Amino acid sequence: MENQALRHILEAQQFSLEFMDEIFEEADGLREEVESRNYLNIFKTARELQGRTMLSVFYEPSTRTRTSFVLAGQKLGMNVCWTENAKEFSSATKGETLEDTIRVLCEYYPDVIVLRHHETGAAERAAKVSSVPIINAGDGKGQHPTQALLDIYTIKQCLGRVDDITVMMVGDLANGRTVRSLAYLLAKYKNVRIIFSSPEELAMKDDILQYLERKNVVVEVVNYFWPNYKDIDVIYETRIQKERGSTISEEEAKRFSLTPEKVEKLKPSTIIMHPLPRNHEISPEIDSNPRAKYFRQAGNGMFIRMALLKWVLGSL
Amino acid sequence: MENQALRHILEAQQFSLEFMDEIFEEADGLREEVESRNYLNIFKTARELQGRTMLSVFYEPSTRTRTSFVLAGQKLGMNVCWTENAKEFSSATKGETLEDTIRVLCEYYPDVIVLRHHETGAAERAAKVSSVPIINAGDGKGQHPTQALLDIYTIKQCLGRVDDITVMMVGDLANGRTVRSLAYLLAKYKNVRIIFSSPEELAMKDDILQYLERKNVVVEVVNYFWPNYKDIDVIYETRIQKERGSTISEEEAKRFSLTPEKVEKLKPSTIIMHPLPRNHEISPEIDSNPRAKYFRQAGNGMFIRMALLKWVLGSL
Amino acid sequence: MENQALRHILEAQQFSLEFMDEIFEEADGLREEVESRNYLNIFKTARELQGRTMLSVFYEPSTRTRTSFVLAGQKLGMNVCWTENAKEFSSATKGETLEDTIRVLCEYYPDVIVLRHHETGAAERAAKVSSVPIINAGDGKGQHPTQALLDIYTIKQCLGRVDDITVMMVGDLANGRTVRSLAYLLAKYKNVRIIFSSPEELAMKDDILQYLERKNVVVEVVNYFWPNYKDIDVIYETRIQKERGSTISEEEAKRFSLTPEKVEKLKPSTIIMHPLPRNHEISPEIDSNPRAKYFRQAGNGMFIRMALLKWVLGSL
């Protein structure tokens, strides 16, 4: 039933360097138009995908991903229909399989389905039965490819390059799907070094480490906050996810937090990223530091998703 | 306060044969336009009800009915505002009556209200106080008239007729509002025979049986799966609804399930329907059998609802 | 980070008499257009804010406020994206601060954020970090300024004036934010007398009483239903809010309810208002009494919100 010609977005591995460059360029242009708040420009944008329909189906709560997809679609003129918590409110509570739900939704002639699900591999399962493109908006501990793309985009935007950099990922690396997807993408660039810094029980999983080894990425795995601050071009902080069952103490978590004291020791060019929401990993005093890019990063999400929608629907 | 001139959709009994033919023809045309994915056509469709507003108020979870109504409205150019679970999130939790809620919503000048409610008769109560048309999207164990209409439409589409057929309804006939509404509508056609097949405690209720008797429909009530497979033109399977308190065992439920072995014994022209979601009543191997029409049936729901919206709003 | 030039709607105190007159006049015109159901007119209305985006973020359930804001935006041609219960479904469950949520949402380039929150002062906190206008749609026991504005609008519409009137507010005056905001606004008019009638434990708080004293409003605080019915121009009934922890007995609550007997003793010109939802404060027999204005009042909410959206976005 699978239609190989459909342009699904399922996992970070599928993005080539050329593809990413094309999406980034489109995202640049879309940001310029939207930022201008010139409503004549915006009307032009709003005709690009006019009449197309996005179905946004979220089995897990998510403010930013859901909202940024909805607004991305609406700004391109799409009709958008969403579900805030399909797990609780849909026929999933009546025992329907994901495959059946997707098959039924396709019968309503959407043009694309955006799917967030709590089970790893859900997006791939959906794509197998879908007659329209599926965009994976995060599946369990699996992947979150649009997040990975916006992360790379943010690095490129702020540093001017993705080659020849040192990225330190900090926090919950075992459960955070964003760091997994990002690691996959970083491996496509030249001369990238990744430092994984986390409590031992939240260390990056072996599958990713082995993948990076095969791709000749220089990797360091440490259970402390990397002491050589000047090495770092990108600090990617993540939240210790209580809702995924972590039992790390506040004390232990603090060792991996970013404080103004640590930030002062960084190079001026280092950028600080976070997929958000944050808890105590980054103290609010850092927000006004020019190195802090996490809000910009979140905003990039909408523009990347606009560009991806255009590609998925064949108008890029 | 009741306005008799309003075009409410409250119960299956209200549909005449002529009305159904008109709606089916319109649904055919709408499907053709939408299926073409010719966006020039779709823009034409999207101007039909432009500027009109649909308020979709669901007191019970429902993926397919809610989504198909929202997309039906959006594809016709309507503004759509929905509530996923009004029971939990609205002023119902503050003790407001349905009548008050409807009266207030009417003050916001919607053009139609689509209502799903957990209490039998809710749609009729809403219509009594509403200044705009009400479409009943299912009320408790009561009615689900748009579902009944799409079921008849699917039979006509697949068999070419609704007269002179034998329909077997299987499963939970006591709690399933879809089978109740469908039985009402089938009684309008000539020479229809209905076999009700269910565990005894889930048998079709007497009110429907008496109604069918008055209408001279040939009815058989059995507590086993009908053994004369060649009799059957339509098998209408339904789910044993755990959320409505059924205590039937898995074992017992299985006797009424459709397996590939049973399907092989059917006539090639027999069609298999199900209002979905399904649990184990129809095994997934059957999905690729040409007799399986349940996904098509679900999709018909959107086109029937588009046609009904046009009728309700006076543009049909 | 605060942008003083932004046109936030945060608290009733900010509205001048001139501002209110301007909004009321605009609301009159918008009602006329929408009531006509002349879709050519409505298309004109729908171009006023076309391309603009409203983000509606509700941390508390609310049918009427949320729906009226969504429809207000849609009728003006805006893209609207909403969250029904942000408290439960958003990254708030992951420990994100309101400030972070607002900062992220601003990065998606909405044109206005409508916020309902369970904490007093939330709207002000949001405005401090927002790069777009915030409209306070109710914050905890704090303020609900758009409700106050529609209340004043209803009084002016029905009585022809707001000066020289006696308003009796009845019920839960301690927890009802609507009566607090309304009292602030009434203080701006000439020769207004306010009777606060409630069980002692639900009496109006001192901060408001002191404010009214400073403004030379004549105030009476009583723990019974005011016996001099002919004094009253406006009865503003409110619900005893069980969800905010009140322990008043049914018996006690009844003393403050409006019955047909009480209504008969009122002047013919007295109007009866209620922010809705109601429980037993106003018996349904009163609905058809010409003095009953609470449904009209609810409907005014949408038109006031349309006018406010136009002002906030600079097209008024």
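For reference, chains read A, B and C in written order, and residue numbers begin at 1 within each chain.
Assume a contact is a pair of C-beta atoms (placed from the backbone, for glycine too) under 8 Å apart; a residue touches a chain by one contact, two chains touch by 3 or more.
These numbers were taken from a predicted model, which means no experiment stands behind them.
Asks: Could you work out how far chain B has to rotate to sit on chain C, using CA atoms and steps of 5 degrees?
Replies: Angle of rotation between the two copies: 120 degrees.
Asks: Is the contact between copies chain A and chain B built from the same residues on both sides or from different ones, judged by whether over half of the numbers are shared?
Replies: different
Asks: Find the geometric centre of each of chain A and chain B from their Cα atoms only, then give the gap between the two centres in Å, rounded to an integer.
Replies: Between these chains, centre-to-centre, one finds 39 Å.
Asks: Show the residues in chain A shared as contacts by 2 or more other chains, in ascending order.
Replies: 84-85
Asks: Please output the residues of chain C touching chain A within their complex, sorted ascending.
Replies: Those residues of chain C that touch chain A are 50-53, 55, 79, 81, 83-86, 88-96, 99-101, 103-105, 107-111.
Asks: How about chain B: which of its residues touch chain A in the complex?
Replies: Residues 34-35, 37, 39, 42-43, 46, 61-64, 67-68, 70-71, 74-75, 80, 84-85, 239, 241-243, 276-279, 284, 295-296, 298-299, 302 of chain B touch chain A in their complex.
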